[in-house]
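Right after this note come the structures.
You will see two complexes here that share chain A, one where it goes with chain B and one where it goes with chain C.
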Partner chain A sequence: MSITSATPGASRARLVYALFLALPVLLFAVFYLLPVAETILTSFQKWNGLSAHRTWVGLRNYTALFGQERFLHSLINNIKWLIFYLLAPPSLGLALALLLNREIRGETIFKVIFFLPYAIPPVAVASMWRWLYEPSHGLITVVMQSLGLGALAQNWLGNPAIVTYAIMGAALWWTAGFSFIVFSAGLRNLPSECIEAARLDGGNAWQIFWRVTFPLLWPSTIIVLGLSAVDAMRIFDIVWAMTNGGPAYASDVLATQMYDVAFGRLNMGQASAIAVTLLVMAAVFILPYITYMARHVERTEA
Partner chain B sequence: MLKMTRRTALLLAASIITLSSAASAQESSSEVWTYWGSGAEKQAIESVVALDNQKHPDTEVTHRVIPGNTLEMRRQLQTALLGGTPPTAYQSAMGYELKTFVDADQLASIDSVWKQVKGDEIFPRGLQRVVKIDGKPYAIPLNMGVISNVFYRKDVFDKLGLQPPKTIAEFDAVCDKLAAAGIAPLGNASGPFWSMYNFYAPLLSVLGPDGYFKMAQGEVSFTSPEIRKAFELYRDTFVKHYSKNWSGKTWAQGGDDLVNKDVGMYMMGDWVSAYMKERGLQPGKDYDFFPAPGIGKATLIQVDVIATPKESKTSDNFLLTAASTEAQASFNKYKGSIAANLKTDPSIYDYVGQKEVKQLQASEAENVVLPNLFFLLPTNLGSEMGNQLERFASDPSDATLDTVLKTLEALRLQDKEDDAFVNW
Partner chain C sequence: MSASSLPADRDAPIRFAAAVLLSAVFLAPLGMALLTSLKSPAEIVQILSLPHRPDWGNYAVAWNQIGRSFINSIAITLPGALLSVLVGAIGAFPLSQLRGRTGMIIYFFLLTGMLVPYQIVQVPLFDLMRHLGLYNTIPGMWLVHTAYGVPICTFFLRNFFASVPKSIFEAAMLDGCGPAGYFFRILLPASKSGLAALAIIQSRSIWNDLLFAMTLTSTDRARPVTVQLNALTSGLEVQYGPLMASTLISIVPVVVAYLVFQKAFVRGMLGGSSK
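Our next item is the complex of A and B:
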């Protein structure tokens, strides 16, 4: 009796759930699944983005890409950016957070100063650094000269061998603030008794950091690393705004090449093939990582 | 990844909302899209829009800025054309850009406007060739920028007793004297355009104007002895004299080098004159220009045109206005460029503009006002050539030259196979 009377209520509830879910599912399908499917389809076609006419070319876009020096170079640059994003901004952010985690005077001001660059739009960051990196009279070169290090000053954005690293310098300044804020919040929430206990047991600062603080910060670390990896995959704006991927493709990443091929050369098919490669690459690199991290967090929290 | 695509989806949703509002806005007024988004450029186009609204109050248009450049314009046009909400008219490049839109059946021929404004008489002949596809005109040229002149510091030249060089040998000698005085002879800047624009002078001195158009039509092999000779000449006249670290500078930073007298000369489009004026230099006194050595009587131009999508309704009136000497005078006075309509009163120009008009008239008399090759080649080849020239200018070794020429030739053959070249 109770079961039969529960059934209409349960199905009504289910209907309500379904109704609530319908909108997000619809939005997801229209704005996510459909464009992805469309992009995959276009990657097998030749299309200039304007014409009503599309030609089916099979795998030609992919075979052309994988034999292309420029594409392989962009791919390697993306991997460099991934390594950079996983190591540099999180390390600097953590170091700054630890520095400020000592109840020092003017903490709020420093917090604002460290976080502020992250609030600047990437295009503005790029044009600022474009001036800092000016090779003859830019601030960096001038400061190096005044310190007697003029011989080490480089053609920062003009030398194909170092241009990507120079852009990474700007990106580090720009993004470290985000890691810093997350780690700062994490440090705030650490149980002070654990650190206190370690100190009483005679642990030095180094040991306390590696054995106690850092493991306890793991949830913050996961957030920072996860988002950094995503940032590395979609790296576009700062590179495009600083160098357009130049000189002569030296600082190209997959996303800048995709934009250039799509709208600079009106080759939508090949651009879509780059997009699909980027999607697969992100899946291969990031999804297992996110899954693992998510499980780890659950375990740590449990 | 999920995060990225969700954000992309949000962006998409936002742009669709913007687009639909643009579409509804269009029902009441028609738009002219340009990427002249700030300063004098914006004033320039808005003065044309105002003039048009005064002349044709029944077909009122409004100006809409598409922030960015050609690439962003293409991106937005694509969406608008797919969505069936094209602007009344838009800023376009000449040549291949028009051809792409014509082939996609997106552009309207402007035959009647062209006849009415006597297009065949008012625009330079070299320019007429590249706004026509298969003999039919598709756009009204608004302004020209000369890209084949070398700007130099007049005060530096005077001090060292140098004369503007007329031949390649004289140019080389001037460079040597500047270097001996401790001034880097020639500036340059990074990006796919500037090295390529410098290269046109050596190219023309080898191929001549007819060969130049043949090259634009895909008839000259990149592995031919002539092209190799042009590249070598470029290396020996220009690349050899470029300032150190040029490849790390924007074109404006290259202009600063000339302002600061770090370099003696800078071959750049004439917009650098406006930049130097802004920095407080006086044309004719602090700086001047001469035609690039080896270029002969030719003058190379960069052009902006106004094109009209097929679906737009009120475009003819705006085009008629845009072609008029009145609009061209007003536009180019603000922008500091040269009116494409040669009947425009030259009193609107400053020292540089007036000198360029004389130069253009002399070239026009010989029919050698030549449009920028970048916009005559199929889009992929033009872009690749710019990048390969930048690479060669950074590393002018024989090995690089071999790779550069091989890469470009492969692309030319592919474009040939795709029947992509245009007989301008």
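Our next item is the complex of A and C:
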């Protein structure tokens, strides 16, 4: 480093680096920075998305939203999704990883199966689960009836009180595989001596897990939770494909409402205000995480 | 048989049974889709029964409905993944070398892009792509997927390149190679496994995309299979036989890629998330 930076070659290298960075940085500026800035600007305007005419309306898009039942409901659903994403797929993924962690026959095939749904497009997940949830002939209802639980069967996607939880069921099946492989890799890298030592000290499996394994798994946990939060903020495809946000907006999240208001009702100003709300929410939850990760990278390479 | 391995042996059958049961639950939606796709309309309501005689007609109907969009998806995904990996690589190389303040600031900026909800940019993007004349075109989708792939690809490959020993770079410099020569002649060929893993996970996310495709395509000219499948799914009269056939057709490429390149696939997922 000290040798190269003193030579004239270093400044030429800098030029080469700048040239390399030009295209990615340009794409980033044009497709991220500018659109985000434009969305913020549009959120203070009234615009139908097509005409050249835009009217400045100040904060009116925001005040209208925060007095609107649909919007507040979407916001609450987003928070529900965040809680769901932070708890359910990581827990199931960790349980599956622990299940396969000790020697087990057919480990490879189980791994393939548990991770498989994560490869599939969310639209395909939605299409299959709509059929599973079909209220009269769907697999879930039929299986419940054959178990004598028919009375508990629901119109899963048609009942506003449970539709969001029904979609979460599909999302759990779809996403648990991601947590599963991260935790599997984490468990493989654990120092087995620590766990062996705890076992020799007479700890039972439960104690060993909570006092030794789980704390040692922290690097995997932080990755899983961080990326789950990102996924929760981006939640759109599976809700849109399963219910379009319905029935009667019951399963709406900010992103589906935004999409409907923008491209269904051509109210770009209000849609942008919803987008900005989502951006602020994402920033509150995710910026501390990126800062932590960037510092972590710096530290491990220092 | 030592004392410490005894408990493991004792509950091994229980764990195996649990794994089998869970696998059955994980495979049930796919298995049910497969059975349904082979049933005639009369049989479909008998969800638990096997198809009387496999009815492949559903697949013919399905291909009629989604064939064109399936081909569009291939035309979007393959070049899109290739371009995004290439652009990611040229961004990642300088960032893996510039360990000072400038490098970190650019890196941090790109990272924020990785975590921004994509919905935020849809309205301006729709406008931008129409003005560029790229609305509802396949090259437009390449551009969009490349641009929105920049953060993840740069992040992934920067970490990969940073793990290449510095001494190789220094040796190349002493041989008069120059940074560009080092990148093309040494670093890229040496990074094949990382580039392949990234190409696979990029292919998955491009193939699976619904949001960008919904905003930026409107007809058979560029509409990918996810949008077409979504239209079929939310149709008023859903025919589950052809729909399940369409669904299975739409997942074949990603599932095959996953099964064939399983190691690279998992490595890619982990590489995009860790470090």
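The definition used in the following text is that the second predicted complex is superposed on the first by the 263 of 302 C-alpha atoms of A that agree within 3 Å, B and C clash if a C-alpha of one lies under 4 Å from a C-alpha of the other, contacts with A are read in each partner's own complex, and residues count from 1 in each chain.
By definition in this document, a residue touches a chain if its C-beta (ideal position, glycine included) is under 8 Å from a C-beta of that chain, and two chains touch if they have at least 3 such contacts.
Nothing here was measured: the structure is a model prediction, and the numbers come from that model.
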Clash or fit, chain B versus chain C on superposed chain A: clash
Contacts of A:130 with chain B and chain C, given as first, second, both or neither: both
Chain B versus chain C as contact partner of A:196, first or second or both or neither: second
Chain B versus chain C as contact partner of A:157, first or second or both or neither: first
Partner chain in contact with A:60 - chain B first, chain C second, else both or neither: neither
Partner chain(s) touched by A:237 [first = chain B, second = chain C, both, neither]: second
First, second, both or neither for A:51, with chain B first and chain C second: first
Comparing the two partners chain B and chain C, which touches a greater set of residues in chain A: C
Contacts of A:259 with chain B and chain C, given as first, second, both or neither: both
Contacts of A:31 with chain B and chain C, given as first, second, both or neither: both
Touched partner set for A:16, first chain B, second chain C, both or neither: second
Set intersection of chain A contacts, chain C complex versus chain B complex: 27-28, 31-32, 35-36, 49, 130, 134, 136-137, 227, 230, 233-234, 244, 259, 262-263, 279, 282, 286-287
Touching residues (chain side chain B, partner chain A) in the complex: 1, 3-6, 8-10, 12-13, 71-72, 74-75, 77-78, 81, 100-101, 103-106, 190-192, 244-250, 253, 256-257, 260, 262, 379-380, 383, 387-388, 390-391, 394
Touching residues on chain A, where the partner in the complex is chain B: 27-28, 31-32, 35-36, 48-53, 130, 133-137, 155-160, 227, 230, 233-234, 243-244, 246-249, 259-260, 262-267, 279, 282-283, 286-287
Contact footprint of chain A on chain C as seen in their complex: 4, 7-8, 12, 15-16, 18-19, 22-23, 26-30, 32-33, 36, 44-45, 47-48, 87-88, 90-91, 93-95, 97-99, 104, 106-128, 144, 146-148, 150-151, 154, 159, 162, 170, 173, 178-180, 183, 204, 207-208, 210-211, 214-215, 226, 229-230, 232-234, 238, 240, 243-244, 246-247, 250-251, 254-255, 257-259, 262, 265-266, 269-270, 273-275
Chain A - residues contacting chain C, complex: 4, 9, 12-13, 16-18, 20-21, 23-25, 27-28, 30-32, 34-36, 38-39, 42, 49, 96, 99-100, 102-106, 109-110, 112-132, 134, 136-139, 142-143, 146, 173, 178, 181-182, 185, 196, 199-200, 205, 219, 223, 227, 230, 233-234, 236-237, 240-241, 244, 254-255, 258-259, 262-263, 268, 271-272, 275-276, 278-279, 282, 286-287, 289-290, 293-294, 297-298, 300-301
